[in-house]
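Dropping a structure here in structure tokens format, bear with me for questions.
Letters A, B and C mark the chains in the order given here, with residues in each chain numbered from 1 onward.
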């Protein structure tokens, strides 16, 4: 470490250090503040109502003191699962395309396209979904705003995440594997599925985790196209309401218990994300044996 | 030691068995690419097509009329600018300071360093609606700021912080150690080294982080709808409620019947701004990379 | 895995190892020449060592023989390579690479299990039957002396093997495809002396059944294993073939002054 040679320099440096430490502490404290306030606002309801009612009440009807979150939880999980299931192969294959099936110039063009997709704000996705996709689905099967609409829009939104992360993972696959595979006379697709994808596995899993987190947390787009009916959907064409949309819709006018209930759903969301991170940790630990 | 069994084996032919799977793979990959490209072009084309007719100088400089169905978006642009301004004004000192501490003044083992890193990682995973809840509870209620530009800006600052810090850290990491060593050999203080030498050298990372954060903030809606509110008049102070552009699009799309055409126009403006920002980020990142290689 | 199985299912083929020949082969990376106008005959069933200091095109030359250079963009090639009198450009490349196997300097087993490392290329080349695959895997591993060491842990990751074992696995993987020619790019240089000895002995055992081309830095090794030696050197900015002859001739009665200088260690 460096030694300052005058006492004023030393004093300045100590001041700087403490200033920086203060700033860093503030930055570090934010997440704690968030958790604190979520719990603070939610506690009155917990004390009144207990935990099980969030899953066993007849429905979500805060005005009549009913707080069942299950329909919204189902909505979130279904929309997330469906979109991740579709976006993951599309994204990984997009990355495979850029690396192995096209000259670098076209690959760059496609990458720029994907980056463009990534830069479109969720409210614009939701808007387009509302005015273009929903009427189209309505023609096939009313009403239009539905689980399907939410899945399709969300797929488009999380695709760039998995595509760009996969792209980076594939780039880091050791060239020795490629040469070795070529020297053994393996075809391109055989090499990709047999050697490259297994070698890039941990990066790809990270990408899936990231896109799932994004899907769970998405609010505006699903709010605008899912129909927001409080129900557990029975078909793709049924409208749903996600936890995030629930909060966004009702926060403006919610008071007391209703408001507290929304903060509870905020905590549930954080819980889902934490679960996801835990799963990611577990998966990554399995890599190091 | 070994013996070779020159045993007979069916000489594989390089024909049917894998040829079809190779061709199938090519078809699959190309159809994915065409699907994705088609979807994007459809979306962008639609926005462009419907928005182009509405966007004009007038649109950008007049007040909204008739709940936004007519008129322009001037106050909304001003509000957006102010919210972003507050966000940046708060997050830059906080973010750069934290990044400097993490990059230059702490080891990976110190408890402060580990705590801050961990909490920033957690912060990066928080969904935007939860930021909205937090902002509403903390800034609007507890600190008494109510629905205001200030509340919105502060909330966005919290959201943008991890992005800014990560990128700035990278910027510092990219500065070669030789700089620090020569400065030390010359007896320069840490403060002077930081201010005169390291910060300017790490500037590209900082700017990239700033632009990334900016892009994220401009696109944000959920965190703003109940922190900065919905009011679409020209704001008079930071404590006034103000409507951001993304919120305006949301309102026109969902709550105002007949508001589609102006929603398209606003969406076009928003997307254009974001494309420009992302373009700058890409260009800067490339310049950053090249200057490192050439030692500029 | 019984003799009757081998007889009933598979047509017996015992092909004599082919000769390999290059006619004025030159290679350019963009505008930079790697080597120029090399005409070399590699006799069937013999071990040919390519010697010379680094940077004189030996590895690039080797990569031309199984068209691995095709992977590198912006290469220009002139001249011909003939495998058993047939131009390799006319042979379908996947088929070529099965007939001409390659061993790299740094062992590069796939990040898969030991079994999958051999099974996967076999499947891709059309061998699909379970018992046939097991048979080939066992015999290939026996051929490189790995079978006893790994037979109880075929599902273990290949990367958990030691460097020497990995290199032997790579050899087994190449042998499983029943090649006719084996190209080896300094196969022992990344290994410890003990493993090096083992691999070298394996190479010697391969003689007669395969045509082998071995690039080596190690003159003593070349003297030990090779039947024919070819010296490469950089002249006029490109790799050139200086002299080729039997091992005895190159080391004891070299025709060129450069060869004499190199093999006696005067130049390196």
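The criterion applied here is as follows: a contact is a pair of C-beta atoms (placed from the backbone, for glycine too) under 8 Å apart; a residue touches a chain by one contact, two chains touch by 3 or more.
These numbers were taken from a predicted model, which means no experiment stands behind them.
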Chains most often in contact, by C-beta pairs: A-B
Chain whose average C-alpha position is farthest from subunit A's own: C
Whole-Å separation of chain centres (CA-atom averages), subunit A against subunit B: 15
Between subunit C and subunit B, distance of the C-alpha-averaged centres to the nearest whole Å: 51
Rounded Å distance between subunit A and subunit C, as computed from the means of their C-alpha atoms: 49
Multi-chain contact sites of subunit B, meaning residues that touch two or more partners: 14, 18
Sites on subunit C at which at least two other chains make contact: 94-95, 98, 124-125
Multi-chain contact sites of subunit A, meaning residues that touch two or more partners: 185, 187, 190
List of subunit A residues in touch with subunit C within their complex: 174, 176-187, 190, 194-195, 198-199
Residue ranges of subunit C in contact with subunit A within the complex: 66, 68, 71, 93-98, 101-102, 104, 106, 108-112, 116, 120-121, 124-125, 170, 173-174, 177
Footprint of subunit B on subunit A - complex, ascending: 2, 4-5, 9, 12-13, 16-17, 19-21, 23-34, 37-38, 40-41, 89-90, 93-94, 96-97, 101, 110, 112-117, 119-128, 130-132, 156, 159, 185, 187-190, 192, 213, 216-220, 223-224, 244, 247-248, 251-252, 262-263, 266, 269-270, 273, 277
Partner subunit A, residues of subunit B touching it in the complex: 14, 18-19, 21-22, 24-26, 28-30, 32-33, 35-37, 39-40, 42-44, 46-47, 93-95, 97-98, 100-102, 105, 112, 115-116, 119-120, 122-123, 125-134, 136-138, 142, 158, 161, 165, 183-184, 187-194, 215, 218-222, 225-226, 246-247, 249-250, 253-254, 260, 263-264, 267, 270-271, 274-275, 277-278, 282
